[in-house]
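Structures incoming, each one as structure tokens.
Two complexes, one shared chain (chain A), two partners (chain B, chain C).
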Partner chain A sequence: MDIYGVVMRNTCELWPDAKKVTEKCETFFGTQFEIYQPSEYVVGTSYTRRVSEEIAFVLLSQAKAGVSLLSQDQFTRIWRLIEWLDYDVAALSGGWRKYLGLSLFSNQKADARLFIDASRHLSDTLLLNLLRGLEESGGESVVFLEYDILPILNVLPSLLLLHEHDDRLEIGNPIQMDCSQAGETNY
Partner chain B sequence: MRESRNISLLLVVVGGYILCLWVTILLNRSDRQLSLLAIATVYYAIVALIDRRRSFLLFVATTTPFLIASLSLFRYSHISLDSIESVLLLDTKATRLFALVLLPAVFFGTGADIFELPSDLRRLGMGRFVLRVLMPVLIKREHIRTQFVIIRECMESRGIAMGTRADRIRSVLRWAVPLGMAAIFEGADTSDYNAMLGTDITCLPEVLLPPFVSLRQKLCALTLFMLFATGGYTWISMAL
Partner chain C sequence: MILFVESLDYRYPGSSRSVISQLNLECGVGQSLLIVGDNGCGKSTLGKLISGLLQPSSGTVVINEKNVFRLPSRKRVSAAMYVHQENHLQYFKSSLEDEIRWMEKWMSAEADLTQLGAFFVSNDLIRNPHDLSVNEAWRFSLYLSMIAPPTVLFIDEIPAISNRNNRAALSNLMKARHELGLVTVLSYQRILDYPFQAVLAMEEGRLTSV
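And then the complex of A and B:
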């Protein structure tokens, strides 16, 4: 599976929807993406209290729809969530909540996944866990549209970079990582 | 595992209705007020045993004077006892009263455990339709509670005291607006989030862990019970 990061010209386009750049991605890859986009105010599905119940609920739903990739045991092992099963979803920190959502989203069968603003709020460890989990989830390609692509580059130096132009995306050279400029690549 | 709170509440509601039927029968006897008070006292005691909540005990303590006052009203006002009987029996008015006042007041106003509801509905043999209809409505209360906790934490981290009820009342103008905004937008965003994850409400798992009932819920219960106790009697009087 190939993991790409888009170096955007204007990250303001990521909010409220990243329609333009999403279309460019779909044109570049010639496929439809399953799109992850974080939502404000959302704690979880809100139908369950604990992480274990949340996972069971979503995985059962996905299995019913025939799109689930992993069983509950496999899921908690691969996504390294075993220690967190008894926690209340509402009591998790923002980063962990987001990671849980990302992992549940990634459990759906898809050839290509597009993650919009996925890395923000995630620690390096969680980012690494996310990338490992994605490797296990299969699919052909994963694309990250981020406000700042540098944190992903830090944990995955082999990240393939796509540079955004007016009408298209283009595979580009690895960007010069100049950490003296606040470490942000997209601004 | 602790016994189900929702089932206890159901017992309370059903028990209340049975009590009403008994009252209807006993009203035809000579010692009406004493019979009514005796039954109500026994019923409250049983419910207090079932419910085991301080808020309910407080409810009993505060509503008993209203009950006695209501009984006095029955004695001296123009209200006919025959018409009470017609309300208590299942004619259209009584059904409406039961559906609009008693059930919502009991269900929303007490510590009903919404997360435990799917398990309880299955225990009662109720199926997916009830889940589909009830859960999205009931879960809204939990949405608001969760958002309030988040707002409270944000405010406390910025030095605004929210630890006690008095603090919350003092700072109501600060948290009410963001809470309102969050309550409005959170529903729509959660719906999008659930669609993104592919959730299906009929797949809610059975809850095996004991439920948690917060003090805020109990206070809410007390308030709504009080409203029901005072407003309900007035409404019955007006309806008659």
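And then the complex of A and C:
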């Protein structure tokens, strides 16, 4: 599986729907993506009370739709959620709540996944857990569109960088940071 | 001391585990502090306790010799303000101008619109705050906090440290607050290359020096 990060010139384009840059990704890869984008009002929301119930509910729904990848036991082990099973979802910290949503999203069969604003709020530990979980989830490619690309690059130096050129993306060179200029870039 | 936190303890309702455990903290005039820690270590909870948004299970938060939890709400916001990690949750008006006017009214202060530039917020004030991108929304929160600067400002995360406008806005805020002798606390998952006067690590509900 190849993991890409898009080096963005203007991260304001990620809100509210990242439509333009998503189209560039679809053109570059020649495929449609399963797209993750967190809800604005994600705080405190879940279908059920406890983490274990939430996982069971979502995995059952995915199984009924024929897209589930892992059993509940496999899922909790691979995504390192065992110690949180008895917690109320609402009592999780913002980062852990987001990670739970990311892990559940990633348990769907897909050849290509596009993550919009996935890494914000996640520590390096949870970023590594996410990348390991994605490796186990299979698929050909994963693309990250982030407000800040550096945290992922720091934990995954082999991240493949895609640079924006007008209306297309190109595989690019390592990022050159220039902190002297103002801007809305993500590097 | 401007901010004095002593033996702070907090458990979420129904939980037997202390998120914050016998935590102590002191900040002096104009001090800036970075609190670093993993997800779930209690950074946001500490910010809400310092800002009086949560009542501790035990312990005290004192700002300028006054117990935060005994202050009426308006005085409490003057003492300590919390910038949420999901800034959009803090907006409830339909334009930036209305948010600014509401803050002026609530805090009995007058906004300086020329300062919007220091936070890289365009002066197109008819925009809906919910149309702002994550970074713009965060910088607008910083601007609002400077209309009537609180004695202690707790900023729960910077959304993107590589964003140069965010970096410049944070620098401008910290410089202005330092000159006013006010305390600024930022929490984040990683150590930042910023001139904070102290960097503390949070682990298992307690703070240690880095």
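Details
Following the convention adopted for this analysis, the second predicted complex is superposed on the first by the 173 of 187 C-alpha atoms of A that agree within 3 Å, B and C clash if a C-alpha of one lies under 4 Å from a C-alpha of the other, contacts with A are read in each partner's own complex, and residues count from 1 in each chain.
To be clear about the criterion, contacts are C-beta pairs under 8 Å (C-beta built on N, C-alpha and C of every residue); 3 or more make two chains touch, one makes a residue touch a chain.
Since the structure is predicted, the reported quantities are computational estimates derived from the model, not experimental observations.
Which of chain B and chain C touches more residues of chain A: that partner is C.
In the superposition on chain A, A:Leu104 contacts chain B only, with no contact to chain C. Once the two complexes are laid over each other on the shared chain, residue contacts for A:Gly138 go to neither chain B nor chain C. After overlaying the two complexes on the shared chain, residue contacts for A:Ser46 are found with chain B alone; chain C is out of touch. Shared-chain residue A:Trp15: touches chain C; no touch with chain B.
Of the two partner chains, chain B is the only one that A:Phe57 touches; chain C does not reach it.
On chain A, the surface patch touched by chain B in one complex and by chain C in the other comprises residues 40-43. On chain A, the positions that touch chain B within their shared complex are 35-37, 39-50, 53, 56-58, 60-62, 64-65, 67, 90, 101, 104-105, 108. Contact residues of chain A toward chain C in the complex are 11-12, 14-16, 40-43, 88, 91-96, 99, 117, 120-126, 146-151, 177, 179, 181-187. Listed in rising order, the residues of chain C touching chain A in the complex are 12, 14-15, 37-41, 44, 85-86, 88-89, 120, 130-136, 157, 159-165, 167-168, 189-190. The residues of chain B lying in touch with chain A in their complex are 115, 135, 139, 142-143, 146-147, 149-150, 182, 185-186, 189-190, 192-194, 196-205, 207, 209, 212.
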